[in-house]
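Chain naming follows the written order as A, B, C, D, E, F, G and H, and within any one chain the residues start at number 1.
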Amino acid sequence: MNPEQLQKLMEAVREGMVSPEEACGRLKTLPFEDLGFAKVDHHRSLRTGMPEVIYAKGKTSNQVARIFLSLTASGVNVLATRATREQYEAVKQVEPRAEFHEIAACITLNQKGDPTQTGIIGVVCAGTSDLPVAEEAAVTAELMGNRVERIVDVGVAGLHRLLSQHSRLQEASVLIVCAGMEGALPSVVGGLVGVPVIAVPTSVGYGASFSGLAALLGMLNSCSPNVTVVNIDNGFGAAYVATLINRRQSS
Amino acid sequence: MNPEQLQKLMEAVREGMVSPEEACGRLKTLPFEDLGFAKVDHHRSLRTGMPEVIYAKGKTSNQVARIFLSLTASGVNVLATRATREQYEAVKQVEPRAEFHEIAACITLNQKGDPTQTGIIGVVCAGTSDLPVAEEAAVTAELMGNRVERIVDVGVAGLHRLLSQHSRLQEASVLIVCAGMEGALPSVVGGLVGVPVIAVPTSVGYGASFSGLAALLGMLNSCSPNVTVVNIDNGFGAAYVATLINRRQSS
Amino acid sequence: MNPEQLQKLMEAVREGMVSPEEACGRLKTLPFEDLGFAKVDHHRSLRTGMPEVIYAKGKTSNQVARIFLSLTASGVNVLATRATREQYEAVKQVEPRAEFHEIAACITLNQKGDPTQTGIIGVVCAGTSDLPVAEEAAVTAELMGNRVERIVDVGVAGLHRLLSQHSRLQEASVLIVCAGMEGALPSVVGGLVGVPVIAVPTSVGYGASFSGLAALLGMLNSCSPNVTVVNIDNGFGAAYVATLINRRQSS
Amino acid sequence: MNPEQLQKLMEAVREGMVSPEEACGRLKTLPFEDLGFAKVDHHRSLRTGMPEVIYAKGKTSNQVARIFLSLTASGVNVLATRATREQYEAVKQVEPRAEFHEIAACITLNQKGDPTQTGIIGVVCAGTSDLPVAEEAAVTAELMGNRVERIVDVGVAGLHRLLSQHSRLQEASVLIVCAGMEGALPSVVGGLVGVPVIAVPTSVGYGASFSGLAALLGMLNSCSPNVTVVNIDNGFGAAYVATLINRRQSS
Amino acid sequence: MNPEQLQKLMEAVREGMVSPEEACGRLKTLPFEDLGFAKVDHHRSLRTGMPEVIYAKGKTSNQVARIFLSLTASGVNVLATRATREQYEAVKQVEPRAEFHEIAACITLNQKGDPTQTGIIGVVCAGTSDLPVAEEAAVTAELMGNRVERIVDVGVAGLHRLLSQHSRLQEASVLIVCAGMEGALPSVVGGLVGVPVIAVPTSVGYGASFSGLAALLGMLNSCSPNVTVVNIDNGFGAAYVATLINRRQSS
Amino acid sequence: MNPEQLQKLMEAVREGMVSPEEACGRLKTLPFEDLGFAKVDHHRSLRTGMPEVIYAKGKTSNQVARIFLSLTASGVNVLATRATREQYEAVKQVEPRAEFHEIAACITLNQKGDPTQTGIIGVVCAGTSDLPVAEEAAVTAELMGNRVERIVDVGVAGLHRLLSQHSRLQEASVLIVCAGMEGALPSVVGGLVGVPVIAVPTSVGYGASFSGLAALLGMLNSCSPNVTVVNIDNGFGAAYVATLINRRQSS
Amino acid sequence: MNPEQLQKLMEAVREGMVSPEEACGRLKTLPFEDLGFAKVDHHRSLRTGMPEVIYAKGKTSNQVARIFLSLTASGVNVLATRATREQYEAVKQVEPRAEFHEIAACITLNQKGDPTQTGIIGVVCAGTSDLPVAEEAAVTAELMGNRVERIVDVGVAGLHRLLSQHSRLQEASVLIVCAGMEGALPSVVGGLVGVPVIAVPTSVGYGASFSGLAALLGMLNSCSPNVTVVNIDNGFGAAYVATLINRRQSS
Amino acid sequence: MNPEQLQKLMEAVREGMVSPEEACGRLKTLPFEDLGFAKVDHHRSLRTGMPEVIYAKGKTSNQVARIFLSLTASGVNVLATRATREQYEAVKQVEPRAEFHEIAACITLNQKGDPTQTGIIGVVCAGTSDLPVAEEAAVTAELMGNRVERIVDVGVAGLHRLLSQHSRLQEASVLIVCAGMEGALPSVVGGLVGVPVIAVPTSVGYGASFSGLAALLGMLNSCSPNVTVVNIDNGFGAAYVATLINRRQSS
């Protein structure tokens, strides 16, 4: 029951075509979405600027291509994360404008053009092994309309490199900091800036890193109070929240 | 060495009072903060509106009172978390304006008056057992100059109560959601709103809740992409980040 | 807005007192519970026979007594779990009919009389140390209107005692099996009967029992396919589900 | 020693062919099953309507086919779980009536025809990645003679979709709810219905989901008291217990 | 039904007082223990030389005394583990012959006199902090009729002390080795002897010992193949098994 | 320096060929084994009847064959565990008498003939999936000179099968019980017999079995006091200790 | 048997007082330490400068005093760790020269005077809550004859304070870095210096710090290769190793 | 800005070419490393004798070869750890002097010749399965200019082999001890020597070794106070720290 139908029901009541009792019965049992409770559907409200997203891992190339194509129709940006080159080739067949980001393992289609946010999202990581997660975050953030600054190779064991990027860190409206091993980078970066830091533990490491658990625990116990944490390797989620924060500032 | 001193040194060089070699020597070895690298000292930049904070747990009443008093001098707000009534009595002796928040276990001194942020921070929790953490977040956020809305008694097992608060949830600029046991509330709330949700796992529960571990893992694996997580029972940290986010929107 | 109010609104529409547009507006925005969506409020549907419940742990005697009294008003049974004798004394002051179950640590008020379910819930445990959890389950089940059979002292290391209770086990419509240490009892009992077995790990044990974790994992890995598991020490929850199952059979 | 043999022994005693002493000796030492203790053999009592089951994982196609064939002889339904298409092809060679359920990874042979239970088992899951576990539960439940309703794509981050299925949820006699990641769905569903909910954590997720541990812990700590839990990915076990519960109602 | 009753039943059959059919019926349904299945009751078979045991922890002094007294009646030895001096005082009131072992936290009553096993059980531990567990094992083993040799203060970080006890180690028929911290002692001792070594991890240690987990894991991974493990702090269980092994040798 | 050499040195001292000082020097510095401290070399003392053992996993077929051959020289039995058929083929090339045990994944060479122990080692397991571990134990025990009884398919969910093997269980001098999933079998078996039970957790299971952790914890917390535990899947170790225990009895 | 005795034995052999056979017998069976194998007794070799140590936790004041007194006899320094003021008062009664270090919870007796090592051990920690562990390390190191520099209040979230101590960090021969929460400080310090860094995780923190586990894992995964780790809160152990390293440099 | 540039700037100020204000501006904003803060760049200070290092795992053969070549330019030694033979072949194409260490999985280029440290680093391990980690440590230590002694096949279950290496152990300035399974070797070795012992847990083992966790916990809880620990399998890190310690002694 959409608003028009509701309006008609009320008119029918007024005109005596439907009794009040009958109207009560219908109103109580109809499915919620039919009430036009658009506010329940957060997707619609969020979609302004947010891409449609496919989690490509475990899907066949065919499936990814088919879903990708169907999502392009609405004119929004489309993003496939954890994608392989093989999946990309299949997508490209049906949507030649799609681009592949090798390190980020992302397929993107940008139908909405240039960044619309004026604030900058800084994406920080220590070394080359954290790059896939950092790039997933960066590519996602760009497709969501943000200006993105990448600051890499700034591990805590070589502070001078991190400090030399101090001014770039301070220009960002929000920072995404990816780190594996001991996961100390977000704490150190958090101490250098006055904006929210979203920490992404990566599964990089061996032995007692326990696939990112060490980094995760480290970040949750950060002594910098401006740090929050997302799941291990969740570059996408970090970019999503960073976009919401950045969007506020820019509007 | 502050900017004035640096200026004087340079003038002394120009005037020949200090040789270039001697100036080089001094510049290389002086402590960083003396260089006037204000940007390194994030505390100063953050302090506009941020209270001075004391972690009262494990400190004697005397210590808390002494530290509290010393922090009031600079005119900023002061906050003591994890405080007992006994500690408060000691503080009150030296600073009669201090207030005690029983459930939040916080002592506050508000020297800066009414909220300065126009955005609202919503603090959400399911039941009475999560209240101490939620109140720590709410009291902290208020002292940091935010308008705060408390939305309690909205557990996921009684959706109608949560849904009846839908419009209040949507008015917030950022939400802090505290939950123990299975920690599902942030996911559900995250799906209802389009703003960042900061999830705070609480140590409420028994058995396989493992002192908040179950809630923590649940939140890290949230299927709502706008959720980030802080440490178990860390209401203070959640309020800190929420303030940074709210501040952006309001400015 | 309860059903009567909804009825009145519809009548007002029919009578032209309220325009259809205005009625649409009110219907869309009113809180869900006001719509009389009784189906959303599962509590009501479940309450037929279900007691009102207070989790007494961490509450003052005063609080328990006050809540207890308020719940008696509706005429349903009332149950306080994890209660102390001291809390009971306070309750007794305001509600002399309340009873205390020492081992179960429960306070009950039975306002609804004898069992209404004809099926039997069997509550099984191995030894005296599991008794508090088993009794919490048994007392809860009784207050929910079930006939309860207690079968104790039947550990897996003395099969003859368990086997001698075989016919009693088979008379039950559903079984609650509490066990600490290795938690093997539900698997063995599950193999002896053809009804659902609800396994309750208890925190009984020491060393590598890790406060019930060993029993919990054992039960989750049960080789008897009729076993499901609830949280450690959760006798109440087991009784709740057992009641739902028993009720089906009996109706 | 079957009942006939026992009868003969007793007759031999009466006729003086066997002395009482000798009879005592034989009775004490004979194997239990020979005593005709049918009640110990729960399998027989359960088999009315329960399929014979093969855990196909780790078995060769040949082994699966051979076991499958042998089980069909007794005329009951046969189920192979965690089966591959290759194993199915082998089974089909020897039993052409066997069917393969791709997503459920199950091979079934239905020799007993249509559902015999009038109650409905609802099988609920959030997304496509939980489908294999949900389908294992659904296919198993159907083969055990239940009417099954599948309710998919109803994650907690999009409540409107779940709420729109409210009436279908309420028609079920028992619900199986499969969820990975934070495992919050059973709690939310549990709050919407008044029947037992069997929660199945799935190993879906990454990072801190720790192969289903996060979902498992979440479900064990559910704030809905009508939730019990089975092992991670154990769709079969959930269907087994749900059948026992459903059977009670229908009889 | 004890053997005499069975004998009588058979005689009644022979004499025609009971029909064979009736005898069959009784035999099928009577409780197992009534059949005189003494072999099912392992307690009886084990009791030759085994004390009756009370786990005193969590019991009142009164309870311990009452149970203790009741067990003395049968003339066997009696052992209360994890007992306090207060509990002992209560026991002594009712059974003056009872003895208290302070370090072992055991109350014993020896009604059967001197060791009956000729083999020696060696009880080994590294330092004073492991002594309570080692003494529980030693006192238990003595009460079970074994000759016991205590070999203490032989940690792996001071091999010379351990090696100086080499001949004593080799005289034992079975060794109980208690160790906390890294739990390495059983491996080293296991390499020095050719008899079974029962390793008892103790909860001694701090930090990453995790209340005995480190020692437990170490012992389970022992590179000496003659090592088996019991639960953390389970001196009693170690002595029990050691007695069974020693008994074999001596008989 | 072997005993003969020591004897010669002493004689040389007596005869004045070697001065006391020189003798002291030699005695202090010579390697321990040269002193003829045979007691330190437990291998020798244990080898009577113990096979030489190769852990084949991770070794090339060539390596296994070469080591295997070298060990046959001394005339003792030889055992390779965790071996593949491919490795066996390589061994067979160089030692045609070697045998392969498919399920146990063991290669054996029996050069010492029939069992020398009169006692029986019972090897018990629940189902086919635990067979590889049980067979490793059984094959090892046989090669170590024991008579071995295999008792399989006796899971705790079907007690009648286990009970029907009661007399066979009681004939064993020591029992090895292998179980995965909840690991309850050793507790139940332990309650039926009066001999030592060596429990072997297997990595069989899925989900919350965590590769044998659930079974391991269950066994460590066994309520049967005659149970000790070895590492997950360690059939070899169980057989080794069982042999030591059995040997005692038989001698 | 000390060297003199060995010498005498050899002389007795030479003189014919003891036969070679008898000498062989004695040599084979005598306890190792009697052989004068001083090298096995590492304690002696280490004691030059190392204090005698008492782990006071769990000991009575009386016990601590008595042990303390007995250790002073040999003239070495004496250290009691994890000591209370009450224990100190008891020690002071018997040894008035003993000193108490409140924060370190250590009792010391320095009988050997000023530092003998010329190298400096730097003891670094972030905040006041890590001080007890840091002080245990510092007091221990001083008593072991080292010069100690304390560098406190240098957390990673305020890099400027750490960097301002850069030159002091670089003057140390070895650094002990204590940190709780995320445990990032050793990595950052490790990157600033070229000497070994001994990391001590502290149990400071709450929630997901899991009593120091987060810090421990962080330190084990340090990206600075000059970091090694000791047990949680093990300030004593860190000082012990640091002394060994410092001693090398100074000699 | 290097020292020369700073010198020139100061001269320009003196000569009036640059105003003091302009100089202040430049000094405040220039990147840290440009200030010539050589002390911040620890790499330079450490590089004397330290090789350049590549973590080869996860890199293509091409990448390894290209990076390797670029690092050889500066004339220092070059080390690639966790390398495959295939990667080595690629390196050899571009740098024929490179050597491959099969067991250590390391590629090395020694451009600096013979050991420069006079002290010895002992590398100890128990068996062949720990050899890869031990060899990584040994090869690394050699390339860093140390004399290295390998002491293998000295497990704690065969003490005589370890004790026969006693004098070699005592000749080392620092010891690296690698062990899997129970990880007891460092404790035992630590008790035999008076120098620092760096313990390296290896992931060798199965079942409850949990990929090295058992060994790691064992080492952290070592009762030998001269033991510190690095990450699981981190032979490189152990060699790095050992070199720093050895270097001190030798200088």
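Methods note: a residue touches a chain if its C-beta (ideal position, glycine included) is under 8 Å from a C-beta of that chain, and two chains touch if they have at least 3 such contacts.
The model shown is predicted, which means the values in this text are computed figures rather than measured ones.
Student: What chains do chain B and chain H have as common neighbours?
Tutor: A, G
Student: By that same contact rule, can you tell me which chains touch chain C and chain H alike?
Tutor: A, B, E, F
Student: Tell me which of C-F and D-F has more C-beta pairs in contact.
Tutor: C-F
Student: Taking each chain's centre as the mean of its Cα atoms, which chain lies farthest from chain B?
Tutor: Between chain B and the rest, the longest centre separation is with F.
Student: So the centre of each chain is just the mean of its C-alpha atoms; given that, what is the distance between chain D and chain E in Å?
Tutor: 41
Student: Compute the distance, rounded to whole Å, between the mean C-alpha positions of chain E and chain H.
Tutor: Whole-Å distance between the two chain centres: 50.
Student: Indicate the whole-number Å distance between the mean C-alpha point of chain A and the mean C-alpha point of chain E.
Tutor: Once rounded, the distance between the two centres reads 60 Å.
Student: Hey, what residues on chain C touch two or more of the other chains?
Tutor: Those would be 37, 40, 42, 158-159, 163, 167, 191-192, 207-209, 213, 216, 220-221, 231-232.
Student: Sort out which chains touch which and give me every pair.
Tutor: The set of touching chain pairs is A-B, A-C, A-D, A-G, A-H, B-C, B-D, B-G, B-H, C-D, C-E, C-F, D-E, D-F, E-F, E-G, E-H, F-G, F-H, G-H.
Student: Quick check: in the complex, which residue numbers of chain D touch chain A?
Tutor: Going through chain D, the ones touching chain A are 129, 158-161, 163-164, 166-167, 206-209.
Student: Considering only the defined contacts, which chain H positions touch chain G in the complex?
Tutor: My answer: residues 39-40, 42, 45-46, 166-167, 170, 173, 191-196, 198, 216, 220-221, 225-232, 236-238, 240-241, 244-245, 248-249, 251.
Student: Per the contact definition, I'd like the list of chain B residues that touch chain G in the complex.
Tutor: Spelled out, the residues of chain B in touch with chain G are 29, 31-33, 37, 40-43, 55, 58, 201, 203, 211-213, 216, 231-234.
Student: Give the list of chain A residues in touch with chain C in this complex.
Tutor: Touch residues, chain A against chain C: 3, 6-7, 10-11, 13-14, 16, 19-21, 23-24, 27-28, 35-37.
Student: Under the touch definition given earlier, write down the residues of chain G that touch chain A in their complex.
Tutor: 126, 155-159, 163, 180-184, 187-188, 190-192, 205, 207-210, 213-215, 217-224
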